[in-house]
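Next up: some structures, all given as structure tokens.
Presented sequentially are two complexes of chain A, the first with chain B as partner and the second with chain C.
Now for the complex of A and B:
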């Protein structure tokens, strides 16, 4: 049996100072079924009794001898019951403390999971998109880094949008405005660099678009936005355009569409090849790891495709910037930024206001 | 490498490719769309494939495939082809080889 002293160490940590309260909880605790009030009584009396009985048992003086003989066995029986009850109480207390310790560990685990999920969910436009939390936490450090960096990228993006808005409404000159345009373009190119690194860590993750909001995912094409879509979004906001500009943008749109189509068809073929590689000789005696290895090699091609798609995005942005004047380019960048911001806001609003069936 | 130079000079538009390479396939699709029919040389079906691959990498093709030659000169890989196309400079290069409209 454990001594009382070891039991009281956890008590102190828990900060429970009321034995009565404690005993009530132990009583509630599933296990031994002696009811609390009786134990309390018994416990309270235990201390008293032990002192009295030690007198009584050790040295029966003549004074008590005759009176003690009849109640002696009752006393002995009572003592035994007390000891038993105390023992059970100590066992229950021990079990309760153990349960508390387990709960504490579980709580720490849950807090860590929540923190991880928050980082994944929150680092998309600063809003918690429920669909993000559905992604089971990744332990891939490359991806964890990417998510963190992407969160900061979005924050910086929002700042730049706001700065650009102010700049366009002020009367700053073209030279200064050009600086805003260039830093805006560089910010997008930074994202493509981040994505290239992340693709080497986990290309499936990048292609899934889980790092973006749901509405952005809806428009997803090979790991990001569609370049041809970009032009369509921007065009109305760039007016007035010169005839040459209009022609150049039209040609750019067509080239972009053709390049996109070619990459899309290439992707379809890759899709097919990977599927065939995985599905080949399922029931054969071939080495399982050889089959997996063959499919693994194909994934390198996927990384190249994502890189190619990002390259197309970058080129499209650069071409647009070359065709337009500084002021037009600034308006275009602002429109683009606000477009993506709207998609992110739409996602977070949608996920936090569930539709009710009417 | 001699073989590369020979093939490039014999064909207006030449693409070094691998039969399993899907980016090569994408470039071929793009050229088809632009109404040209490049000669496609699959280096994985060529006994000298390994040397061709090394030579292409020495010439600066990071893929190393697809490697696109137009008019005997190396244009580059997918990146270069895409950049040229978006800047409007690819079609002028292909014009001499484009199938005429009937």
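Now for the complex of A and C:
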């Protein structure tokens, strides 16, 4: 900073020699109406000149007496002010452009992330309703992975259903049919494993059923199908049944019902406990994070509940396969697969043909 | 239906004389409890899984002995059960006929497969 220049400042010209390392923000000069061309003109004239030039301009004027040089003074002052404004404007512009550049980079990053997530979400095979696509815009990688895997699961499921259909209509032997039954069962168990991983990522998402189609969601119970309902769906398609089988299936239905009721009541208790934890000491804000933290810990119980419900589904399927013959089990699996397929088809039809009020 | 087991709410650690070492007192308590009662459930207070286990057992006419595990006795209970079973337990932990049956998962599995009732009968938790 040229200290010499400050020496020559008469009182009138104090504004000119404000330290120029002061960076003004873009908004600072909002009111300033210096037309851009004039600033640029001034810039062009003075750009290559150092501060000494302004000092030089001031120099000669100091020789003049104040009374004699008033008009020239004013012009010079205005020029100097313009220079200053131009300088400030340039600095502001530089800062603004830098900000824009940063935002542009960030925007590109966000677009890439969104694109990636959408692509993964769009891989979902069976579910076609828009709500599913919208939800998969989430950037939770665990859930994005789950949605992708579930899409593949549904595609594989459809393949298995048609293979099973063909197998049952052919004269395939029981031993070979058993293989179909076992791979069918294992496919359901794979889904339970996938769900367990997803639950650790986002249990609320899993429980919302947003990963399934609308009609399937209607029948949702703790993250999936209700085993007792399943049994009711299957029963008529398993005939003819022996008396023992009928009795065993009836008992199984009852056991399922009891287990479901117990789990449901357990869930209600968990609801209560979490609600109480969140609601405790609402009006004392020192405890805010403590209460949130306490409620957060209870969410682990939710993950375990989903696991228990899936375990119940798995046990029920296994028990059914123990009670039935291979051929009955194959028919049962086919019926089950077609039932869910119909629900999915219903959902996609429903979402693509919105009902108009007449 | 006859209630086979009286409902007891608290682990009698509170009743052990202050002179005893806590681990000694707990050892007796845990072993004693599972030996004296056909069905014992060790669970943390307010545990919803325990609630589910209770309901399932009630459905069979069994009133299990519930033992509340809290911060004070938890370590001792875990140590004790690990010694008996050479494996750390997960709560809720269910003992039937003096043996560790498992958790909610095992109870549920046995309930569905039909194995639970015979085991309960064997442990004399059921009279029918």
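By definition in this document, the second predicted complex is superposed on the first by the 227 of 358 C-alpha atoms of A that agree within 3 Å, B and C clash if a C-alpha of one lies under 4 Å from a C-alpha of the other, contacts with A are read in each partner's own complex, and residues count from 1 in each chain.
Here is the rule we use: a residue touches a chain if its C-beta (ideal position, glycine included) is under 8 Å from a C-beta of that chain, and two chains touch if they have at least 3 such contacts.
Only a predicted model underlies this, so the values are computations on that prediction, with no experimental measurement involved.
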Clash-or-fit label for the pair chain B, chain C on chain A: clash
Partner chain(s) touched by A:311 [first = chain B, second = chain C, both, neither]: both
Chain B versus chain C as contact partner of A:258, first or second or both or neither: both
Which superposed partner A:273 touches (first chain B, second chain C, both, neither): both
Interface residues of chain A shared between complexes with chain B and chain C: 251-252, 255-256, 258-259, 261-263, 265-267, 269-270, 273, 301, 304-305, 308, 311-312, 315-316, 319
Complex contacts: residues of chain B adjacent to chain A: 20-23, 25-27, 29-30, 33-34, 78-79, 82-83, 85-88, 90
Of all residues in chain C, those that touch chain A in their complex: 46-49, 51-52, 55-56, 59, 104-105, 108-109, 111-114
Chain A to chain B touching residues, read off their complex: 248, 251-252, 255-256, 258-259, 261-263, 265-267, 269-270, 273, 301, 304-305, 308, 311-312, 315-316, 319
Contact set on chain A toward chain C in their complex: 251-252, 255-256, 258-259, 261-263, 265-267, 269-270, 273, 301, 304-305, 308, 311-312, 315-316, 318-319, 322
